[in-house]
Amino acid sequence: MAVRVVVNGIGVIGKRIAHAVRLQDDMNLVGISDVTATSTLRTVLEPDGPLYKTDLYCSDPNRIEEMRNAGMYVKGTLEELLQDGKVDVVVDATPKGIGAKNKELYKKYGVKAIFQGGEKADVADMTFNSFVNFDEAKDKQFVRVPSCNTTALIRTLWTLSQLCEIEEAVVALVRRAADPVNPRKGPINAIVPNMDVPSHHGPDVKTVLKDLNIKTLAVVVPTTLAHTHVIHVESKNPPKKEEILEAFAKTPRILTFKASHGYTSTAEIIEHFRDILRPRYDMYEVAVWEESINVMEDDIFWAQAVHSEAIVIPENIDAIRAMFGLAKDNWESIKKTNKTMGIY
Amino acid sequence: MAVRVVVNGIGVIGKRIAHAVRLQDDMNLVGISDVTATSTLRTVLEPDGPLYKTDLYCSDPNRIEEMRNAGMYVKGTLEELLQDGKVDVVVDATPKGIGAKNKELYKKYGVKAIFQGGEKADVADMTFNSFVNFDEAKDKQFVRVPSCNTTALIRTLWTLSQLCEIEEAVVALVRRAADPVNPRKGPINAIVPNMDVPSHHGPDVKTVLKDLNIKTLAVVVPTTLAHTHVIHVESKNPPKKEEILEAFAKTPRILTFKASHGYTSTAEIIEHFRDILRPRYDMYEVAVWEESINVMEDDIFWAQAVHSEAIVIPENIDAIRAMFGLAKDNWESIKKTNKTMGIY
Amino acid sequence: MAVRVVVNGIGVIGKRIAHAVRLQDDMNLVGISDVTATSTLRTVLEPDGPLYKTDLYCSDPNRIEEMRNAGMYVKGTLEELLQDGKVDVVVDATPKGIGAKNKELYKKYGVKAIFQGGEKADVADMTFNSFVNFDEAKDKQFVRVPSCNTTALIRTLWTLSQLCEIEEAVVALVRRAADPVNPRKGPINAIVPNMDVPSHHGPDVKTVLKDLNIKTLAVVVPTTLAHTHVIHVESKNPPKKEEILEAFAKTPRILTFKASHGYTSTAEIIEHFRDILRPRYDMYEVAVWEESINVMEDDIFWAQAVHSEAIVIPENIDAIRAMFGLAKDNWESIKKTNKTMGIY
Amino acid sequence: MAVRVVVNGIGVIGKRIAHAVRLQDDMNLVGISDVTATSTLRTVLEPDGPLYKTDLYCSDPNRIEEMRNAGMYVKGTLEELLQDGKVDVVVDATPKGIGAKNKELYKKYGVKAIFQGGEKADVADMTFNSFVNFDEAKDKQFVRVPSCNTTALIRTLWTLSQLCEIEEAVVALVRRAADPVNPRKGPINAIVPNMDVPSHHGPDVKTVLKDLNIKTLAVVVPTTLAHTHVIHVESKNPPKKEEILEAFAKTPRILTFKASHGYTSTAEIIEHFRDILRPRYDMYEVAVWEESINVMEDDIFWAQAVHSEAIVIPENIDAIRAMFGLAKDNWESIKKTNKTMGIY
């Protein structure tokens, strides 16, 4: 029987998760919930939108009238829906910090929940990655899917860790400053370094890859398309460049692009996903530039692009499957999610 | 019998036209042609790409080996294909100025051709717009589809001209500086005014709306998403705001967006097309901001967004239909093109 | 005897006015006032800063301790200073809307005040421009200097109005989205049209040029350097292009730049002011691109660049002189201000 | 007797060097040379420009007429000037690769020359840094001043190396994509990673700090103001954070900024230099964000901003002094250069 899913918070991440849930035959999207009548909400519920005919709920009883007055058809409050016992899991994609508050509601009604990387790790019983700890999610009530940056680093570093010992990884995260939809946030012409040095991303990776020695530094730059990571790993038994390239190429959800084929920046990589007609040009994969992979003595280097809007979506789908035992193992779930979503 | 189409020049425009041709049941894409192995070409011909299994030709006999050496399967030269008499029309979407040179080839083999707005108007027997002069294209050998800016202005100004006399239209074109795929072109932080004041766009509109008194001024700004036009029309019998809004709303290929619904900029409008899962987020429509429409005495104002990559694609499809008499009138062709491409 | 000036609000505009006051021999900067310890305030009061040894006051009695705790030496509150009767005029450069509130304080102590364009016109007894209404400011208590866009338009349109009748002026304002110092404000990649169409700038110009028939439309674009105006004027007796160029060239505070000399955008124009070592690269002048000036029958066109941070500074200095009768006429004041500030 | 200097190539770097030479009492700017009539050249030679009344030469005999026709007063060719024996040293700031060609000319006439970082290291007898190898430049004919990124890294890493052993330094360079004056270069909305991983900057640092184990990775981002470096150093005897901060603070040409004082990005740091009225807002210093300095076990971290237009200028001045023995040691030259140029 299909797992009954509600997505709470229909922003950049939530709208994609709800759409992805709909593509699964072992899940059933019973509704979405939000607190305000945004252009996003209007659009995805339109006849051409991916959530057409989905039931809409209001997460805050005090704002339901406002949403209705703005012309939205709101079936009821999220709490009413949970009360009715028709929900197995809430995927909470609300803004940073709101998820932790919502947790009380989920507890009250005994539903499972998945939180996103904006919440602190201790909001949940575990932090999840499809490659690393799928089995541990079984029967957990609260699971957290870490952020786009963390998920991308886990994918490639875990893959590398199958080839060699990683003494230390040092990563500079060059972050896109705002989502494409947002015309208010800057900077227009500046670089904003993160003053937490090393940044929180390293410890966040360690909530999944617990023994990894990783340090991260982050800067924010004026672009909306994708993050870029430049990575340096020290290893006493480094593989050859060709071995790393092969491992990345054959691992699902990691793609390799050749600059020599014209993929010189995040722009042409994103255009690739427009050109293969990926919905919303979503790149669920982490993209590694082939020429950037280099091994010099004990040092391994590469650069990768991370589509912040999309990369965590398949992880959320896998997490649902893991929590409810819907797949015999992670690779089965990954394969199924990838097939339904058209992921390489 | 289906019209046999070749698209020459698989860049931003050409790749979209080839894709759109494939969606038509009265046209047959017999091949595409280019001169170099770009990342675009690789992508659209991939199994996930919209031109998979399309035959690839080389437009320049001297470069065929280079393309083959770069790993592309090239069936032959464009000239060989034309020679074989299997092509009815070439849609030429090569860079500015190349189309005029290619015309000799098309003449030599007696094929029809459609040129894009980068070419001068006299390259063709007429400049085409689906609303205005569809019937005139019948039996013409050479037809030109004007640029994105011109096409957008023709659509809304022609629509307005059905409601009132236009004494004068003055338009400021605020242009996106580069296509999203292009990481080399700037400016990063400047405004570049066009020194041709008034700009060439006004006369270009007049190749279609011959009696319109229109002047345009253009500036280039650091964005990649869409152009924005701010328009001022003088009329002695101006309609009411509501009448203009209604006319725009009911005319195909014109859409209206409410800033009050969250569509405050080109960013949220483009996001709308990502959210309805439009291929490549292509906005074939011109988008008018509802609140920007205003009528004060003799003056009419509005602002509109123009997706430079996409807006001319349906016009190219209609132009083929017009040249070969495949539709009884323009509205039949517009309806058919819109249906196949999912255009509002 | 020198007029005693306080500048309230040391932001982008206020810090420049305070600096400019210091350069005048008929004015005396008796202090500056603010409410928080910004990096700007720290810098301008440093030994290398232009306001070194200026007395600092706090505009809000409740925030004086916070400023002192942040390490600033604050002499007292602004109200205490006004109470002491040592101030003749406050130049209020506080954020939009705060000036109107501050007016009560200035009334209470009977000091004169100059407000900036962020305040509504009715905050003051008149809206000022050095070219147009210098004499009327004499003995006024409250004067307003309009915004950068308004000031620029007044300068060039007034100059043109000396050559011909202006039937109508229609202006598209392509606005820089944020000041260079601001890394938080966007957009990064979008165009944001102003939904007030026509925009408020037209009526604001008319607070000074009362009989001008002017309509303005505005869009915001991702750049920090300067605004650009594209202007269309209708006139029944238009001058020749050469006459307009000559009038602009010979009028103070209007400069002409040739694109053919390399000034193709706001970038190279701003670089010009870096290269002549203008403090902060401030362009107090409005810059007209020569090639953009065109006259066709009844239509006059041109494009101009406006440095939003700097253009109103000399107007504030002139306004002080006008209010206190320190110059026999506007041209004397303009000449003096220009000479002290190095303005062309 | 003053050293007679010519600057060849009046672009972003050359115009600043020529200006700086003029500020020195032991150097004499005998001329500048270029090949085309740019807006920069026009401006710096204007009455308000810093090179007013400097003699202008043409570096290419074939282009002298073109320059003269463009309205420039050109005294003669560079070769004629060198032939006359009135030049002791040419500072060559021509575009990448041109310097190496010009070297033949300098050899022919036996003049000394300083090349910039765009040239390969072997163009010169040594690569120079004021802190590290001033004395070695004595009597050398050809000296190279490395690039902005290299110079900045040498300054801070050398300073750190006085406090501890550096096992390894790994640096991510987040580079501004174009100079502010350039409206043609992008990207507008992308991140472009350097495909040479590690990048050439590391080996370039080693032309000066020969024993340093350093690896660098670079990405280009859409901003014009300044580069940002994020740095990770491993050391077996790391100093405390406070010691590093103190060392940076007291070393000339290194500045520290507090994010908590409002210096959160390159924007506010550049604004600082506008606010202290530094010519062209030039930041000759490398700026370290105080809060970014961190020491964790063997790991040292920090982030620094580098003004690519300006940082190498004082090094060029010192290099002249070093080559001609004009100072008894590097600190005397540094002190003198800093004083004349207002450097902290």
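Letters A, B, C and D mark the chains in the order given here, with residues in each chain numbered from 1 onward.
To be clear about the criterion, a contact is a pair of C-beta atoms (placed from the backbone, for glycine too) under 8 Å apart; a residue touches a chain by one contact, two chains touch by 3 or more.
Everything numeric in this text was worked out from a predicted model, so none of it was measured.
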item	value
Fraction-based call for chain C against chain A, same above half, different below	same
Chain A and chain D: spacing of chain centres that average the CA atoms, whole Å	42
CA centroid of chain A to CA centroid of chain C, Å	47
Interchain centroid distance [CA atoms averaged], chain A/chain B, Å	36
Numbers and ranges of chain C residues touching at least 2 other chains	180, 182-183, 187-190, 192, 222-225, 264-267
Category of the chain touch graph - line, ring, star, complete, other	complete
Footprint of chain B on chain C - complex, ascending	170, 172, 174, 176, 187, 189-193, 195, 197-198, 215, 217-219, 221-228, 230, 232, 259, 264-267, 289, 291-294, 296, 299, 301-303, 305
Contact footprint of chain A on chain C as seen in their complex	177-178, 180, 182-190, 192, 222-224
Complex contacts: residues of chain D adjacent to chain C	15, 37-40, 42-44, 46, 48-50, 180-183, 188-189, 225, 261-268, 270-272, 274-277, 279-281, 342
